[in-house]
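In the two complexes below, chain A is the common chain; its partner is chain B in one and chain C in the other.
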Partner chain A sequence: MSDSKSYKIRLEHITRVEGHGSIRIDTHQGKVEEVRLEIVEANRFFENFVKGMQPHEVVQTISRICGICCVGHQLAGLKAVEAAMGITVSDQTMRLRKMLNESQFLQSHSLHLYFLTLPDFFGAASILPLAQREPELVKRALALKKLANDYTAVLGGRALHPVANTVNGWRKLPDLGKVEEIYTRLLQSVPEMEAMLELIKTLKVPEYERETEYVSLKHPDEYALYDGEVCGSDIDTTVPVGDYRQVSNEFTVAHSTSKWSRWHRDSYMVGALARVNNNFQQLHPKAQEAAAELGLKSPCFNPYHNNTAQMVEIVHCTHNSLAMLADLLNDGLVEEEATYQPVAGRGCGAIEVPRGILFHEYGFDANGRCLDANAIIPTSQNINNIEQDMKAFVPLMLPVMSQDELALKMEMLLRAYDPCISCSVHMLDVKFV
Partner chain B sequence: MSEGAGLIVAGVGNRYRQDDGVGLHLVAKYRPEADQAVAAELWEDFDGAAVAHRLVELACPVLIVDCAEMGLPGGAFRVFDCREVLNLTTGSVVSTHGIGLAQGIQLATALNYTEPLRVFAVQPFTIGMGGELSLAMVNLLPELQRGMASAVAEMIQSRVAG
Partner chain C sequence: MKPKVAFFDFASCEGCQLALLNCEDDLLAILAQVELVEFREAISEQAGRYDIAFIEGSIHREQDIERLYDIRSRSKVLVALGACACNGNVQARSNFVAPAENYKAVYGEEDRNRVQVDGEYWPLWTHTRVRAVHEVVKVDYQLRGCPMQPTEFLHLLKSLLTGREPSFPANAVCVECKKNENECVYDRGLACFGPIAFGGCDAICINSGHLCDGCRGLLPYANVKAHRQLLKEMGIDITSVQNRYRLHLSNEPDAGEVRR
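Let's look at the complex of A and B:
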């Protein structure tokens, strides 16, 4: 009898997400009294750290917000800094950055799907017991993750916090011999990726739908990962990146050390599902085929299918990267001078990172010293939407789910968003008066 | 070439974070003088998943050389065996995206990596931005090299005896 259900669910420090968050659900005699996603991680002050730094130092420092999305933070930072300095990068730099970004998608999505998500579907507490039960599957996951790490390292000099890319170019260009090796390994990984696709097809994704606003970059010529304007599914036009504050509308709530966002509705979603929903037609044809095989149709309103959309993006990034790497090997690389003259200015940059759209903005004085910084992170944009999903899910499922089942589905919902809570609490505005 | 070696000595760490790079320094210095049965590798910016992948791929005894916060005086070192390292993991859950060294080793053992594994751990003096070891650590490098060489010799010996 649902009307007798009184649950007290306390999921403290949820595992298999990055950072620290808790879920609190109270129901009394079949009625939902409270559903909250509490973000309890301490603030980390990154926007204040970078004040006074030179543009190239800002970019290397800001990427330390996160060891998972470090490439994305670097690239968004570079775009913002270059906008402030009035720099237009060469086609070669742009092309290398696009590949670097895709290498991060492959790293992050494969890590999330295999290491953090799959254990739920296999009834395992983590990847460790899963490794004992399904060793071949986990070995395949490790190989794919290693390949993606090496892809990043070949382009950026390091797998984590790359050092080769800098303001207006590349400190050290990638070794074409190593690029060729990565191309070959990526090509050889296609059957492994297809095996992964087959596995993801078998997962029983919870049935639940709640339409929300889906926000991502949009580009007229390509599936927008590196560049574009801001697109919301509730509007027909796009918004220039410089107007990002009109999109994020950040605000605070008492139970979260991360800021929240909303645009045209109470909340919005960013990330793989938002991108696939907004830009489906620009996915690589193989990725569109994969989506069809996985039963993912755009628009999809089931947030659990963010995992499915991540798999689709793995297919997209693999095939797109193969094409870009082949072009690079064909065209070769030319040494370019990566220098710049600091000037006073202000610039914004936006990029899609695995968890969604990332905005950076910086102001500099005439000596190139950073005056102020702002970074708006995908997870802080998503947290409000995750809580709205939970608030809609609990009353819907309360009549048919046990307390344990409901708790598991809530954890899975949070994990489906692939939250990076440490990123989301990167900042705190401190005003001394 | 690591293939066919009886023991791998692997340096891990971050050379851009001062003493965090001590494992890489020690193994890079050891490389040219390594015993014939030993191969030296630098596992630079390997995360836990990459460590697990490499251990499973190698399937041979490994000595990992790393910087570790152990609450000891700077420059002190300790050798941990695999069981001690596994005790450092917190149980059956992986709580962040970043899988650490201990969890990487745990994952490899879950994937049937059963070879002898030890960690030669060095207490840092300082960890921060910068591409050089601290001067205090540099001064201790000869002692650390001797300590590491003993750990290598002991692993080879126990392999022969075993």
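Let's look at the complex of A and C:
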């Protein structure tokens, strides 16, 4: 006898996410027996094979962990190796890096929100049928994504794995004429972005809540994307970046080649929603307005609203970048020497990347050769929390949804976290001697 | 009928598929010419046979090999997309360390020993060696570089769609670098792979003030011996020479070996 509520769902190699993950749900007579998020990505062992490299080589290599967050890996890597070498970068370099980081937020959030997430809300398998049904929408989304890529390329030399930025500065400074073009285009894009905001407002977000711990950087003076200390929503103080292992507490499970993390609870969440929850008051006023229009109130415990929080951050990064670009055009650029003397040392760096907080740590010998490396990636911190969400939501969804609908809601949940699974399969626990 | 085109990724940063999505101006025009049947990073549609299959990433485990055999058997033309697929790229450097040691360094000995004997999930934990796609199946065309060049991708696709043979001239990176009138990296006192590396990238890294590390692989006639000698004469010690060769070229014949 078949029971409509006894079934096995196997969603292998989930589409429209970065990297390889599978969802497994077993139910029997209306009861949930097993819910698993399997991460099946092959290992690449980055932290072991960068040993022996020089600081700038480590940084250019480590960006290959991920195409989508290559800028974030470079910047976290640069901060860590500079801490190890005792380098303090110039104000100009810091400002250029902040812009580079925001360009990646615009690129990554646009790609995820407009191309990977939207099809679910239109009942489409991908952006392809949408290109025929909604050509104006797709063209607008492509133009916004292209602008973000060009913004990265003008600063970094190219959009993927930029080469112009390096340890202690810039190999080749951006062309101010091109910077001005980006400024003008970004200014002109504001109505286009607002049109996307209007669309996102109409999307019906699944109403499932589960409070968890929200972890992000926090900075006294700004919405923390480039700098700050580690903030967890379960504690009142912040933790210095150097103590990041106290935060991530990584462990290994057999069904995931990505490691798992937990802090004060069974799991925690990083990313746009965690940042908006922890630092709402520091968002650009326009972004706070956008959040109100989108109905996003901090704190929000619905993980599907990570998409909404990404839209809020697109507004934030657009307006914040306009201000930074205007300052840059006003102040101009001066040539600076991007050289350094390799020394023995150890350093940590943390930065917010589109998918959440990213930690890097490196040790170097007296010749500046890498001795050990550690990278703790946002998705590896989120994977545990995604599985906990699934375990909480499946029993609630089971009585009220068809099997297909449940499967779609689980895929949408995974996608809402914007996981970057290639990234997440490189964790390393180093034993420091 | 429009040709069926599919994209598959193995161990990689997925940046080469992203580089394609970054061809925003041409994307809709490309999509009008082909039927995109699989592209896991961006779409959910799937199909059985492919006229052109693009493979991103390197091949590490038994299950990856089986998946690649299956794709090859269903594809008329198979293209290695990007450096990871063409020569194993940066992760091939892990081939100089035994897999058990790599697992130990990343997960710790205890966890490695636990997950590798897990009754259900052991196949996930069977990394043996980083291999380029051509080391496992026949590859018809290579799109080199980390990341791949969108212009070369468009050239290849247009050629295949119109029945012409695509052309990827085996010129050194130096050729394009000179055209761009960059100051020679050697004149800046630094070692460069431009003379022996496969061009076609417009010397993009040198244009941005960097140098060439040969991510597009070695030219078929590359004089590796002379290049090593040149680096030695510049006073670069053997460990550093070995390190440079093992950034992007660990799996290239002649390049992975240390020669004194």
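The criterion applied here is as follows: the second predicted complex is superposed on the first by the 422 of 433 C-alpha atoms of A that agree within 3 Å, B and C clash if a C-alpha of one lies under 4 Å from a C-alpha of the other, contacts with A are read in each partner's own complex, and residues count from 1 in each chain.
To be clear about the criterion, a residue touches a chain if its C-beta (ideal position, glycine included) is under 8 Å from a C-beta of that chain, and two chains touch if they have at least 3 such contacts.
It should be emphasised that the depicted structure is a prediction, and the values quoted were computed from it without experimental measurement.
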Partner chain(s) touched by A:E352 [first = chain B, second = chain C, both, neither]: neither
Of chain B and chain C, the chain that contacts the larger number of chain A residues: C
Which superposed partner A:I65 touches (first chain B, second chain C, both, neither): second
First (chain B), second (chain C), both or neither touched by A:E213: neither
Touched partner set for A:L111, first chain B, second chain C, both or neither: both
Partner chain(s) touched by A:E102 [first = chain B, second = chain C, both, neither]: neither
Contacts of A:F46 with chain B and chain C, given as first, second, both or neither: second
Footprint overlap on chain A, comparing chain B with chain C: 13, 15-19, 67-68, 111, 115-116, 125-128, 131, 138-139, 142-143, 145-146, 149, 158-161, 163, 422
Touching residues on chain B, where the partner in the complex is chain A: 16, 44-47, 49-50, 52-54, 56, 92-99, 103, 106-107, 110-112
Complex contact set, residues of chain C against chain A: 9-19, 21-22, 24-25, 27-28, 31, 36, 39-45, 60-61, 64, 89-91, 93-94, 96-97, 101-103, 105-108, 111, 114-115, 118, 120-121, 124-125, 127, 130, 146-147, 204-205, 207-210, 213, 239, 243, 247
Chain A residues touching chain B - in the complex, by the definition given at the top: 13, 15-19, 67-68, 108, 111-112, 115-116, 125-129, 131-132, 135, 138-139, 141-143, 145-146, 149, 153, 158-161, 163, 420, 422
Interface residues, chain A side, partner chain C - complex: 13, 15-20, 38, 40-49, 52-54, 57, 60-61, 64-68, 70, 111, 115-116, 119, 125-128, 131, 138-139, 142-143, 145-146, 149, 156-164, 166, 170-172, 251-255, 257, 259, 422, 426-430
